[in-house]
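Residue numbering begins at 1 within each chain, and the chains themselves are lettered A, B, C and D in the order written.
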Amino acid sequence: MPKSRIEAFSDGVLAIIITIMVLELKVPHGEDLSALAPLLPVFFSYVLSFIYIGIYWNNHHHLMHAVKRVTGGVLWANLHLLFWLSLLPFVTGWMGENHFAQLPTALYGFVLLMAAIAYWILVVTIINEEGADSLLAKAIGKDLKGKLSPIAYATAIGLSFVNHWFAAAIYILVALVWLVPDRRIEKVLTSKD
Amino acid sequence: MPKSRIEAFSDGVLAIIITIMVLELKVPHGEDLSALAPLLPVFFSYVLSFIYIGIYWNNHHHLMHAVKRVTGGVLWANLHLLFWLSLLPFVTGWMGENHFAQLPTALYGFVLLMAAIAYWILVVTIINEEGADSLLAKAIGKDLKGKLSPIAYATAIGLSFVNHWFAAAIYILVALVWLVPDRRIEKVLTSKD
Amino acid sequence: MPKSRIEAFSDGVLAIIITIMVLELKVPHGEDLSALAPLLPVFFSYVLSFIYIGIYWNNHHHLMHAVKRVTGGVLWANLHLLFWLSLLPFVTGWMGENHFAQLPTALYGFVLLMAAIAYWILVVTIINEEGADSLLAKAIGKDLKGKLSPIAYATAIGLSFVNHWFAAAIYILVALVWLVPDRRIEKVLTSKD
Amino acid sequence: MPKSRIEAFSDGVLAIIITIMVLELKVPHGEDLSALAPLLPVFFSYVLSFIYIGIYWNNHHHLMHAVKRVTGGVLWANLHLLFWLSLLPFVTGWMGENHFAQLPTALYGFVLLMAAIAYWILVVTIINEEGADSLLAKAIGKDLKGKLSPIAYATAIGLSFVNHWFAAAIYILVALVWLVPDRRIEKVLTSKD
């Protein structure tokens, strides 16, 4: 079974998610700076989520590159990941419109946490299919970033009820850490060529 | 005529359907739990429809894999299926916002029923093109799940006027039965390789 | 220059157009039949436009199949066609919500007319690139349907100011005529194989 | 690493951007010309942005054609370009609904400027990967249009506070200059075949 369709479908969903998020930036009625000002937090949360979807697309791109066989399990693990990412526009809009208030900021972290867990389930599902000594298994091996991110999100959820700016800071920090492209899989693949 | 474009177009439409459904989850104005609570039934109907679109994409993926020639008949049978699925965001939103009331729940079942019939027409159209002894014809042969689903939806439509929770329960049950990936086509294809 | 990207982009745009049209079917607030009734004309105009986009996708599919070289002229002629089709959701919503009133019905016909002209420009651009004795030139040769459709739309625009139901009837009639898949190109291509 | 997915994802995002812009053309409630008239500036700004996205898609198509290796740097430079283009529907709607008022017109130019800079960063990133004597480096060499566009946008931003119609005129002029397809890359590629 070819993997082109699972890539095309995932690309489609991620492209739509990244683009409909901008619809939360509602065109204001006034024509001056005071009309634009209330949109700033929505804009900022849009930038943050754009980067997160970009990171997921980037890593998904690398991950699928290592896949050889697409099974039913992989298809559903992939849909499960897309489900949590599809909720990102909603929590992005809610967090932005409420100026990073406690509950919206915590819920944003919850969706990030569930997406991170879904990504991890997808990786494990693929490794189970490909075998423990596959390229992917080796590449993921000491995946510090992947293991620390869920812990960071969980911490942020807790901290959002203490001071929600701590939570926002953690989301930005994790995004910055991931912006460094995931060269692990790339390295192992290249060394085998 | 290559089948890549019919797959790409279907992937695109399904990716958009699955993603715009989340737009019915309107960002609430408040920032606390009481603002989120009314969205719960909408969220639940979103999850249900997400799974249904996932099932259709999954089965469509398997079905197209067995297709060798794309004719005008197949193109239109496919568009007919996409038409009914494109109504899913509407009935999902209506059912969710009205807390699974009688008529919305019945209409949801009606769209599921028509989509199931459209899928069956697509399968028959493909088998007519490929021949009765094609791989697909053999794989579909004793398609119990495919034959029982429309009956289940029709029952649910009727029951929704007695107790609409019965109908909702049937929709969930059928989705769970289908979540088990359709290994019939996969099996026959593998045994031929 | 490969034609896969122009196909992928067109598929994407057409898939989005066909799907966002359903967003004009706004989820009503009531939960009974009286809430659904006002949506009937919107639903009917949605079905009509869905079929038209399906026809364009189908014919585009056949047309691109005959293309060998994608030049800048073909790219822009294609974008010009997509532009007019992208206005279909707007006029569909306007016509539906105003119960097929005069001006909306005339404007709907205008967009169909411009799309038909844009399709004709695309065909001519491709034939200019491929040469007058290309397969496409032969297949299009006596394209009666393609030549009569713009005349039908122009007539409908005029008639919509006399009786707008005449115009609606013409739109339905032309759609039905086109629903018969365009076997001309298919035939010539097959005869050459 | 294959470049098909970066093309597919970019096509998806650009297809969605070009199509959701039409959602700013809100279906009016009246059914006569007076209901349509206020939409004219929104329609005009839609046409302008449609052409700009078409130009970017066209040039992106040519640019990716020259790429041989997709690295993490190229992926992120591409996402950065898509980010600025994703803001075009917002500024298009804001400029159109406010009849090309000063600040909206200036912000429209700012997004165009940032997209032009992002495109330039993408070109430089690709040339760095491909080498200074690659086909692309030669083709871009004396890229007058690419160098003058950002200057034109910056001038337009300044002029929009003097007379916003000057700014609008510059946006239209630059679009017209770019409508002439970019034959530079095409030429060099063809001469090598």
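We adopt the following convention: a residue touches a chain if its C-beta (ideal position, glycine included) is under 8 Å from a C-beta of that chain, and two chains touch if they have at least 3 such contacts.
From a predicted model like this one, the values you see are computed outputs, not experimental measurements.
Quick check for the class: compute each chain's Cα centroid; which one is farthest from the centroid of subunit D?
Ranked by distance of C-alpha centres from subunit D, the top chain is B.
With a Cα-based fit, what is the angle in degrees between subunit B and its identical partner subunit C, given to the nearest 5?
The C-alpha superposition of subunit B onto subunit C needs 90 degrees.
Any idea how many Å lie between the Cα centroids of subunit A and subunit D?
Measuring from centre to centre gives 26 Å for this pair.
Take the average of all CA coordinates in subunit A, do the same for subunit C, and state the distance between these two points in whole angstrom.
The computed centroid separation for subunit A versus subunit C comes out at 37 Å.
Listing for subunit A: what residues touch at least two other chains?
In subunit A, residues 8, 12, 15-16, 20, 23 touch at least two other chains, as defined above.
How about subunit A: which of its residues touch subunit D in the complex?
For subunit A paired with subunit D, touching residues are 7-8, 11-12, 14-16, 18-20, 22-23, 25, 27-29, 31-33, 36, 47, 50, 54, 57-58, 61, 65, 179, 181-183, 186.
Help me check something: in the complex, which residues belonging to subunit B touch subunit C?
Within the complex, subunit B contacts subunit C at residues 1, 5-6, 8-9, 12-13, 15-17, 20, 23-24, 71-73, 75-76, 79, 82-83, 86-87, 89-90, 93-94, 97-98, 101-104, 107.
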